[in-house]
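In what follows, subunit A forms one complex with subunit B and a second complex with subunit C.
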Partner chain A sequence: MIEILSSTALATVQDLGRFGALGWGVSHSGAMDRLALTAGNILLGNDENCAGIEIPIFPFRVRFHQACDLVLTGADHLARLDDVPVWPWLTIHAGAGQILTIERGGPSRWQASRVYLCVAGGIDVPLALGSRSTQLRGQFGGHQGRTLQQGDRLPVGVAAQALRPVGMGIVPPALTMPLEVDATPAIRVLRAAEYAAFTDQSCVEFWAKSWKITSQSDRYGYRLAGPMIEPKYPLELRSHGIVPGVIQVPHGGQPIIQMRDAQPSGGYPKIGTVIDADLWRLGQAPIGSSVRFVEVTWAEAVRALQDVTDWLDEVRRMVALGLTVRQEAGHDQ
Partner chain B sequence: MTNEQMEVVAGWLVQTGIAMLELDGPDGQWLIRNDGGTTTLTQQSKRPALAVPSPHAGVFLTRHPLHAGAFVQAGSAVSKGQIVGLLQVGVLLVPVVAPRDGVFVNYASADRTLVGYATPLFEMRPL
Partner chain C sequence: MAHDPVVSMLGTTALLLEAHGETSLGTQQKIWSLSGQVMDWPEVLEAVPGMNNLMLCFRQPPLDPQPLVTRLLEAWHTARPMTMEGRTIELPVIYGGEAGPHMADVMAHTGLGAEEIAEIHSAPLYPVYALGSHPGYCYLGGMDHRIATPRRKTPVLKIPGGAVSIGGFQTGVSASDGPSGWNTIGTTSMVFFDVSKQPPTLLQPGDSIRFRIQQVVR
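Our next item is the complex of A and B:
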């Protein structure tokens, strides 16, 4: 059992998402940074789809009512377990009664916004439509279908492997797979159906200028600020299916990127789609920061997805190898 | 510090009623006990620093990959099991920890150097 001690905002229970229910109007939900959650689960020997806590606002404090292994992945942070420092992306063992405090970190080589608290065994909230992710709009899934509050108690599942006294970690993928253009974090984008309907000038600037993530950005979508994106002629579309990553341009000319909690349909014209392989990067981009869009072809998008798959394969392989090495070195006795 | 100087300090302890003074210098440690006007002076030479060897091959990191600062600073106290560095093998990070409670002296291998089995990684003075 984990008890939330801080008065907290916007923290939610998330697994990798709820799929196959878009047709009923149920969005994917799931971790904004899927790589962070997956890597955390691999490090702990969990099923890779185990639920963790996505934390975008700090400080965040929890008490462990039972001993368990944990890891904080995702954004850099300052954390401690009672008085012991907890380093990002390195597992640690918490004893029953210990208190974990996570605060916003100082300068980091990766400016990111969301920390994932992963525990061995996962956050064991009931499955809803096949997922433990929080569906905020529908108010189901996760913990009582809502963001976490002070005093909430979350059940922890049974750990798949024995507790280990000393940890192991992973180099964050933002360092292993960096992507920048002119020192600005970059996101790869495919042209979408209405791309040709925007003026040539708008299309040029879409790729050439940096886009600020405004304060009107959350798990539903990111509203961007940058050059005006204007259609060649007034565009009126019937609502149609959309997925996370779709970049719409409403009448104001400032794009909106659909994120994990996005509704499954919309009628604004679409200029592009963030490729699946880069949604985790965007999911971590802090409000107020800027991103650049890089145009890719379908083949490049598929290759980028393969890079992510390869990275995860490498994490699985090295964690398995690490366990062997550590046992041989006598760490686990 | 000389023994004569320590005698003076011992006198001050008696005057002020302080029961014990522990002094830690570069050459060793002095312990002065004031037992109701009778002072005893004990001098201990420092224990030799312990060079902690690498448990296996890898790239030694003195700082977390996301951070600019080292895990520990020279002269700071470390407790058994505390992370003082990492060994990176591909994407994997394996903590290098203090084997005992003590004082961290310095890193014996530089940040981001490839080290082999048993290469000294850091020195500490156990308590």
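Our next item is the complex of A and C:
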């Protein structure tokens, strides 16, 4: 059992998402940074779809009512277990009664906003429509269908293996797969159906200017501020399916990028779609920071997805290797 | 041969097939039919009907999407309209006033009065074309074009569940509180989604909604 001690809002239970329910109007949800959650689960020997806690606002404090192994992935922030510093991306063991505190700041090696608290066995809330992710709009899934509150107690699942690699660490993906344009974090984008319906100048500026992520941004979508993006003529589309990453331009001319809790359909014109391989980067981009869009081809977008798969394969390989070394060294934990 | 639908990519996650021509129930029946067919294709994770369009989510993005697009268009041309006889639910609506905060915008755009808008809006039997937007939300066909009003310049951050709204040539009822770019003209109350039920939604494509004027607030 993990007890939430801080009164911080907006933390949610997330796994990799809920699929097969779009036709009921139920969005995918799931971790904004799927790489961080997946890597955390691999490090702990969990099923890769185990649920963790996504934490966007700090300080965040929890008490472990049972001993368990854990790892913090995602953003690098200052963390301590009782008084002992905790390094991100490195598995540790917490004893029953210990308190984990995560605070903003520290010598961050990259600009990021969300920390994932992953525990061996995963956060064992009930499955709802096949997933443990919180469905905020539908008020189900996760812990009681809502963001976590002070006093909430979350069940921890049974850890899959007796032998787990405590003390295993990896280098975060932002450092092994950096992507910047003119010193600004970059996000790769494929053109979408209405791209050609925007004015030539709008299209040029879409790629050339940087876009600020405004404070009206959350798990549903990021509202951007930048140059005006204007269509050549008024567009009123029929509602159609959309996915996380779709960049819509409402009549106001400022784009909105659909994120994990995005509604599964919409009708504003689409100028582009952030490629699946880069959604984790965007999921980590802090409010107030800026991003640049980089155009890619279909082939480049598919290759980028392979790079992500390769990175996760490397994490799996490292963890398997670490286990072997520990076994040979005679560790018995 | 009719016009080919337009097929576009939604990143590497999905593709979108959009039928040509005026929005119609006949076209939607072909969309339902195509959706049922492609759901069994191994590369398809989910098939999601929209308003005269269909989104396919990939299990894995194909290295070259063209063969899949070709196969999809062939399936479209041979698809037979699927008729679905559903049930009808009636929803009493309070139009205008606090229940319909954007009624004035619809009046300004259409040049019609609140009573006329309510009359026109409540006249048709609306078939449920598709579900989407949020859990339990129904996209309805058959709205009278005289009350069509563009989506708002910027989406409203929160409109309440039960809000009856117009977006372009479409209308619908919000199933829960949330953001929307549509114009709210009235309010009703009904539970459209219950996660503990199977299926969790009150209505399915092929069912119908009839709006009844409970009151028009001026």
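One rule holds for everything that comes next: the second predicted complex is superposed on the first by the 322 of 333 C-alpha atoms of A that agree within 3 Å, B and C clash if a C-alpha of one lies under 4 Å from a C-alpha of the other, contacts with A are read in each partner's own complex, and residues count from 1 in each chain.
Convention: a residue touches a chain if its C-beta (ideal position, glycine included) is under 8 Å from a C-beta of that chain, and two chains touch if they have at least 3 such contacts.
From a predicted model like this one, the values you see are computed outputs, not experimental measurements.
When both complexes are overlaid on chain A, the residue A:154 reaches neither subunit B nor subunit C.
When the two structures are aligned on the shared chain, A:224 is found in touch with neither subunit B nor subunit C. After overlaying the two complexes on the shared chain, residue contacts for A:305 are found with subunit C alone; subunit B is out of touch.
Among subunit B and subunit C, the chain that touches a larger number of residues in subunit A is C. When both complexes are overlaid on chain A, the residue A:282 reaches neither subunit B nor subunit C. When both complexes are overlaid on chain A, the residue A:172 reaches subunit B alone and has no touch with subunit C.
Chain contact summary for the complex, subunit A toward subunit B: residues 76, 84-85, 87-90, 105, 107-110, 165-172, 175-176, 311, 314-315, 318-319, 321-322, 325-326, 329, 331. Residues 6, 8-14, 16, 18, 23, 45-55, 57, 61, 63, 65, 130-137, 139, 150-155, 157, 167-170, 175-176, 178-179, 181, 193, 195, 199-201 of subunit C are the ones that touch subunit A when the two sit in their complex. By the touch criterion stated above, subunit A contacts subunit C in their complex at residues 19-20, 22-27, 128-129, 135, 137-141, 190, 192-193, 216, 220, 234, 236-246, 250-252, 254, 256, 263-268, 270, 273-277, 298-299, 301-302, 305.
Remark: subunit B residues 55-56, 64-68, 81-83, 86, 88-95, 97 touch subunit A in the complex.
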